[in-house]
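Heads up, the thing below is written out as structure tokens.
Per-chain residue numbering starts at 1, and chain names A, B, C and D are given in the order in which the chains are listed.
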Amino acid sequence: MNDPIETLTSLFEKFPGIGPRQAGRFVQFLLRSPASVRRELAEAVQALSASVHQCIECMRFHSEKGKACGICSNKNREASLLAVVASDADLTALERSGTYSGHYFVLGGTISLASEKASGLRVKQLLDSVPARVKNGMNEVILAFPATPEGDATATHVREKLAEIPTITVSSLGRGLSTGSELEYADPETIKSALESRR
Amino acid sequence: MNDPIETLTSLFEKFPGIGPRQAGRFVQFLLRSPASVRRELAEAVQALSASVHQCIECMRFHSEKGKACGICSNKNREASLLAVVASDADLTALERSGTYSGHYFVLGGTISLASEKASGLRVKQLLDSVPARVKNGMNEVILAFPATPEGDATATHVREKLAEIPTITVSSLGRGLSTGSELEYADPETIKSALESRR
Amino acid sequence: MNDPIETLTSLFEKFPGIGPRQAGRFVQFLLRSPASVRRELAEAVQALSASVHQCIECMRFHSEKGKACGICSNKNREASLLAVVASDADLTALERSGTYSGHYFVLGGTISLASEKASGLRVKQLLDSVPARVKNGMNEVILAFPATPEGDATATHVREKLAEIPTITVSSLGRGLSTGSELEYADPETIKSALESRR
Amino acid sequence: MNDPIETLTSLFEKFPGIGPRQAGRFVQFLLRSPASVRRELAEAVQALSASVHQCIECMRFHSEKGKACGICSNKNREASLLAVVASDADLTALERSGTYSGHYFVLGGTISLASEKASGLRVKQLLDSVPARVKNGMNEVILAFPATPEGDATATHVREKLAEIPTITVSSLGRGLSTGSELEYADPETIKSALESRR
């Protein structure tokens, strides 16, 4: 049998952004914690498998009753808008802003510029869901991707696929100065967008 | 007489962003440089006094012949637009973007939130210059300040002052995701602007 | 019942150095991982309780058979030397250096300068173990604490306690330039030690 | 004639650690400063040429009367010790520590590992000065180089050259934990030195 300290350290090393040193600290932290903390952690990890599932509409993970999550099943949300986001975290950021009340679809990532592949992204699932959404009143898809080369490549790809559906508008989040940006250090592209979207 | 090494070190310490250690390195660098480099530097510093002057129109520093700088005296620039910027560096950033062809006015800074004073800023000079600019065809003032609390306070202040002139539009640079921004880390204000200026 | 995503997020937030954002990423990572990974993690966490115990001699955590760990029960290690370290991680660092072959005692931390208390540290247990160790041939205690104010305070405290035992030498790790240190940025204390320990 | 703003910017860009952006800020800072500040700076730079010279003994730059600097001409300093340092800044660091009262020799840099050349270093001048220093009572040369690969290569080189002189001891600064070092993150070499120089 393996050393449980080493086994757990190597599991923590696979966590995003965690190297061997911090993985080791996590294990030491758990060793010094009461047994009840370790039990709670083990149970919470297992509970993910038992009670978390993907929403069949927006594809995000949730633990609510029902196949669709609370946002997708909320009749008060604007049916005319669909925001396509890369990840659950980006969906959360949009919700936190308190200014969007439409629906969501989580694509599951962005196109990697190394591979230029959209594999792993739920582009087909998005397209398949469009007819029913249009019937429901949807008339605008907002591509809410990060303002990075990967986000831009993903937007271009999704935009091409959606171009075949004539009844919907496809928009992208506006560019400009982010809160906190110094003009002096802004790139020409950002300044161009900020000038164009002045008001 | 003072030690010239110490005198020069303390002068370099007053340079923006330079602490005692780097000031000392500058002096060591000059000591190890040939005497011709020191002479060149001393002459270039003195030449600023002799040949650099402020443009009487936009207030930036330049070393061209004539009282107005090359941008202000360029008949091909759009006379209808006036961008008000905080500093020469921000003016340079806008020029570098290659998308602005109007005129400029350098305010000389932003309102400090500590003092909430606009003293030192050329607000009066800006207002005094407006009638002649309007006669020349100017109809929009673009407040091109950094997207910081100081920049916002300055915009509010200048906007109030300009409100009394009914024939001109006052606009501000658009907010949104800057190039490179992750949606996940964007603040609610930036997301709100990005949603509103989507297209 | 609570939301398992939130429960797990708040557990990860207690991990050393982990804020809410990274805790959320950990959960998303586990959600996207196969169920087998979650099961493995839960089991490894529980296995700590089942198979890890503290060495009765050096007090570090280990998962070997027997009450004493592999180092403490190794007859080939030098019985004359005892290194007192703050943590398991510091013990590991000394072992990794490959230059120490004596025994260890893990004190369990350093004195906090805020509280100036040595509570929680195993000073009494260390002192209690000394007579038997002396009988076994131990004649030097090496205080191997970090070169920080906390480490220094801990060394002073332990040194006072050990002063009553006349038959043993108490030493501390030597100070000097660490590998990679620039002389220019070294503090006077480090330079003093480096000069004194020159050779 | 060139634009004095650009000329001065490109001169500041040659300063150690200064890029085009900060060079531009320096020029803007000088433009906004009163003419008296620019005159003072120009004069201080020129004064370096006029009143700073290299000490004929230790080779550091100084502005004192006399060919030898204040340290080298100080009869109270210990004649038996000679610290060989890489730079004036390292000499200053040793002086600041208040624990060294011997003499100095500034080598003028360290061996670059890229070129593996000692060219530009005053090794020959150091060796030439040794007989007179020995006659004066010098019996130990302390190689006080940074604890970096470059510093180590320089020490090895100088040590080889000095090996031919049998009457002097050659020592190097001691290695160990620098003030503030955590044991956990220390490299094996540093731990080895710290263990060996324990006391």
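The rule we apply is simple: a residue touches a chain if its C-beta (ideal position, glycine included) is under 8 Å from a C-beta of that chain, and two chains touch if they have at least 3 such contacts.
Computed from a predicted model, the values in this text were never measured in an experiment.
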| item | value |
| --- | --- |
| Taking each chain's C-alpha mean as its centre, the one farthest from chain C | B |
| Counterpart interface for C-D, drawn from A-C, B-D or A-B and sharing over half of its contact pairs | A-B |
| Centroid distance [mean C-alpha coordinates] between chain B and chain A, Å | 38 |
| Chain A-chain D separation of Cα centroids, rounded to whole Å | 53 |
| Residues within chain D bordering two or more other chains | 87, 89 |
| Chain A - residues contacting chain B, complex | 85-87, 89-90, 92-94, 96-100, 142, 144-148, 151, 171-199 |
| Chain B residues touching chain D - in the complex, by the definition given at the top | 1, 3-5, 7-8, 11, 14-17, 22, 24-31, 35, 37-52, 61-63, 87-89, 92 |
